[in-house]
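Presented below are the structures under discussion, each in the form of structure tokens.
Next come two complexes built around chain A: one with chain B, the other with chain C.
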Partner chain A sequence: MKLALKLAYRNLIGAGLRTWLNVIVLSFSFVVIIWLKGIMSGWDYQAKTDMTNWEIGGGQYWHENYDPLDPFTLLDSHAPIPAALQSEINSGDVVPLLIAQGTIFPEGRMQSVVIKGINPEQTIFRIPTQKLDTSTDAIPAIIGAIMAKNSRLQTGDVVTLRWRDTNGTFDAADIVIVEIFSSNVPAIEQSQLYIALDKLQEMMILADEVTTLTFRESKESRPEIDGWTLKTKSMLTRQVDEMIKTKSAGQTILFVILLLLAMLAIFDTQVLSIFRRQKEIGTYIALGYTRQQVVGLFTVEGTMHAVLAAIVSMVYGMPFLIWQAKVGWTMPIDASEFGMAIAQTLYPVYSLGLVVSTVVVVTLTTAVVSYLPARKIAKMNPTEALRGKLQ
Partner chain B sequence: MENQSIITIENLVKRFPMGKDSFTALKNINLKFGTGEFTGLIGPSGSGKTTLLNILGSLDVPTEGKAYVLGKSIGSLTTKEAAHLRKESLGFIFQSYNLLQVHTVFENVEFPLLLLKYAKSVRHKMVMDALEWVGLTEKVHSKPPQLSGGECQRVAIARAMVKKPSLVLADEPTANLDAANSHHILKTMETLNRELNTTFIFATHDEKVISYLRRKIYLLDGRVDKDEIIRINQNERS
Partner chain C sequence: MKTILSKINLVTVLILFSLSVSAQDANKIIEKVDANMSSDNRIFESEMTIHGMRGSRTITSRSHSEGTNKSFTEYLSPASEKGTKMLKLENQLWIYSPATDRTIQISGHMLRQSVMGSDLSYEDMMDDRKLTDVYVATVAGEETIDGRRAFLLELTAKVEDVSYHSQKMWVDSERFVPLKQELYAKSGKLLKQMEMKDVIQVQGRWFPSTVVYKDMLKQGDGTEFKITKIQFDQEIPAYIFTKAVLKQ
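Moving on to the complex of A and B:
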């Protein structure tokens, strides 16, 4: 094996330009695959971090009737804060939210919104709720940038909010936009209005009642609470996993095409060199190699393209990949269109496992593609190989 | 010196398939070669010289009859055993040198020793010795494309001789060489034959080679036509 490696290396380097062309094509596959996969894991990481910071914390308890996809459930999905969580709420490790439906009338238009009552002092979410702690005539409210854009609202704008309290009575009041925040999480921005929790409880005549309770991220698992559904972080981020899975499937096609091109080049080189180097093959056999050993030598030679490619990839790929991780990759399309927690600029994250598995998969594929044409050598007649007359 | 038999050929027939028929390249050959012979198979083109050398080199097998080389029956060796025989005991010299083009002179000559798994220091000494025999020590780091035809053939000889094989098979080793180079190479081989008692079997129709032979086996149409043993004094000729 050591001898085969040595010979293969000499033969490859001796082949010059052809070898380097193959190596460059292969190394290109390495870098693109690692980069795209890195973007995917960066995306996964960013989406989950943003969701944690803005939307779900370390997980949530939902009132058993609450279904965010069905606004009509909001009427019945509230209950007093469970006693078991009260101390954590006091210490700020659990943030309760009351969620209700309402309508605003910006510039005379009518727009339905989800009103979220939230404690202005909370620290689990990055939403700048402390701004709700202002005393004004109108009710202080904050909204996200997407909502601001869609409703053409600006800080300082006053609009009328209408809602129906728990007894079914309609009521209305003015709200003032005290802050517009920007997150990468469209779900918490689109048609969402944040006001102080006690204010919303008062408006709804639902003293002390809440819809969801978000707990801070921690390693400990949370107990079930009667009347509340425990939504762990992994349940709440499943959507991201699915999105990544779909996107990855699309990428796989690209990888296959890239690899196919590289493998075609290797295959072609192998077929050609087996044809052109018949005399050399005959010589190896005459000097005491078995045909199987020559097959091994040519397989090692082909596979070594991948090894050289890995080295070349390091030379130009590493700086590129590191630079990408620093500056990120800005998507050419508007990220908010995705309706998911996607930043406009994605920062690739590369794991050792990603790099190793890419190198292993590409190298193994190269080995197979090198071996297939080399098998022909095992059937060669050495005397004819020496004469170089095989077709 | 030439008493022990190294090769025994009995009723050897070699046929090549030719479409539906077959072509008989060797017809009922019976020969014995002793250790230390310096023998040539002489004959016109197509007489079967290369075919016979290939069988003796275990690169091909007899269709009928037997060929024993160093006690091994060529027809019944597995490919592994045949490779082992070539690796341990045989040296080939080809008409077209067949050097590994991307390897240096040193590496080309070293190759058979790598197969035999000699230690590095031992290999180095043996390669340098072999290059000394053929007078190429200055070209160790050159590659075949940088060498003349004569130099290439000398590398090929060094490669065949470096492991001191029992038997060297040389197929038209001088075909691409001028007279001066041919004589130089033949003298080298003669010396090695004398000093190491290596058996040399040539296939040739080159008069220069023939003049060095101590036994001439004439092949004609796949048959042994004549088998002459010449006893000349080495010093007489030159």
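Moving on to the complex of A and C:
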């Protein structure tokens, strides 16, 4: 085996430019695959971290009627805070939220909003709710940057908010935008308005009633509470998993094309080698090599392209990948339009498993592609091969 | 001292008496308004002009209604809305769309959505309760609206399930027809305004044939609802208020 490796290395280096062309194409595949997979891992990490920090915490209890995709459920999605969670609420480990529908009229334009009542002192979400403690004539409210852009609102603007209380009676009051925050989670920004929980409860005539309860610590098992549905963190981030799964499937097509190009080059090289080196093959057999050993020799030679490619990739790919992990990749289009928790700049995350699995897959593929043309050697007549006669 | 106390008592009694008289008068006025505006049944054709920011569009329709619980409307124009039918029975509302040949039921919170982009919600159209059933009225004064002397009534909700907590209503002092209405939020903010015009006499009752609805928080010139033809207390066949009529 050692001799085979030595021979394979010498043959490859001896082939000169032809080898290096193959190696460069293959190394390009290595770097691109690792980079793209790193971007996906980075997105997965960023999306889940941002969702945890801004939207879902460690998981939530939803009122049994609450469906965030159906605003018509909001009027019936509230109930008194369960007694079992009161101590956690007092200690700040659970944040209750009351959600209601409303309409704002910035400059006379009518715009539907979801009003979220939240405790200004909460620390689970990064939303700057402490600003809701501002003392003004109008109701202090916080909005996200996407909502501010869509409704053309700025900090300090006063706008009329109209809502219906629990009896269906219209009410209206002025709100003042005390803060505009920016997150990577469009779901908490688009058409969302945050005001103090006790104020919203008073406005809706729903004292002590809430729609969702978010807990700080992520636990897969929490007690069942009658009238409330437990939504664990993994359930709430399933959408991200599914999106990444879909995107990864799309990426696989690109990987296959890249590998196909590299493998085509290696396959051609192998075919040419076997065709041109028939005398050499005959000599190996004459020296006592079995046919399978010669096949093995050529397969190792082909596979060594992948090893060299991995080394070359390290030379130019590692600085590139490390640089990317630092500066990230900024998407050329506005990420907020995706409606998903996705940052404008994605920072790739490379795990050891990702790099090793990529190297193993590419090397194995190269080995298979190198072996396929080498099988022809097993059918060769050694005498004819020694004479260099075409077979 | 005794004289002062007796004077205070007299003033208090007079104020209470005048308030009581005012409430009684207001309720009588409201009853007269209800008598003009409510009927056993009615058939009418109307034009609804919605004035939006990008222009105006007019929708014509023919409606049948019976009491406060049954009504049926068929849209006649424009072509995009022609053939759309709306049936209200008790608290349920069905809409038939000829484009899809399907009937959908509008229920719950969907009833709060705008009708064809107008300033009216389905709920506004369906809420036919008599004013005397929902509001307590007082006479706040008299004013002149479009050259007509009108009582200014202040209405405050006496039931909880009402859309507008309070209203101001200017009622023609001779014809007992509302000439103007302002609808207020619980906070006292003016939300909607209605102006009634073109008061006509039909079958012995006075009726405003044009109503301009205006959402006061929104830009735009509101929605003009004009009744072009109306008949009260007609014989309406029972099948009109069945779901079968939607697909006919």
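Here are some notes:
Throughout what follows, the second predicted complex is superposed on the first by the 387 of 391 C-alpha atoms of A that agree within 3 Å, B and C clash if a C-alpha of one lies under 4 Å from a C-alpha of the other, contacts with A are read in each partner's own complex, and residues count from 1 in each chain.
What we mean here is this: a contact is a pair of C-beta atoms (placed from the backbone, for glycine too) under 8 Å apart; a residue touches a chain by one contact, two chains touch by 3 or more.
Keep in mind that what you see is a predicted model, and the values were worked out from it rather than measured.
After superposition onto chain A, the modelled positions of chain B and chain C are compatible, with room for both.
When the two structures are aligned on the shared chain, A:Ala172 is found in touch with chain C, with no touch to chain B.
In the superposition on chain A, A:Gly14 makes contact with chain B only, while chain C stays out of contact range. Residue contacts after overlaying the shared chain place A:Leu236 against neither chain B nor chain C. Residue contacts after overlaying the shared chain place A:Ala310 against neither chain B nor chain C.
After overlaying the two complexes on the shared chain, residue contacts for A:Tyr289 are found with chain B alone; chain C is out of touch. When the two complexes are overlaid on their common chain A, residue A:Ala4 makes contact with neither chain B nor chain C. In the superposed model, A:Ile266 makes contact with neither chain B nor chain C. Angle at chain A between chain B and chain C, computed from CA centres in the superposed arrangement: 150 degrees, to the nearest 10.
Once the two complexes are laid over each other on the shared chain, residue contacts for A:Ala148 go to neither chain B nor chain C. No C-alpha atom of chain B lies closer than 77 Å to any C-alpha atom of chain C in the overlay. By the touch criterion given at the top, residues 71-72, 74-75, 101, 103, 105, 107-110, 160, 162, 164-165, 167-173 of chain A touch chain C in their complex.
Listing the residues of chain C that touch chain A in their complex gives 108-110, 112, 157, 160-165, 183, 185-187, 189, 191, 215, 217-220. Across the complex, chain A meets chain B through its residues 3, 6, 10-11, 13-15, 279-280, 282-283, 285-291, 293, 381-383, 386. By the touch rule above, chain B contacts chain A in their complex via residues 54, 57, 59-60, 79-80, 83-84, 86-88, 90, 92, 94, 96, 98, 100-103, 107, 111-112, 114-116, 159.
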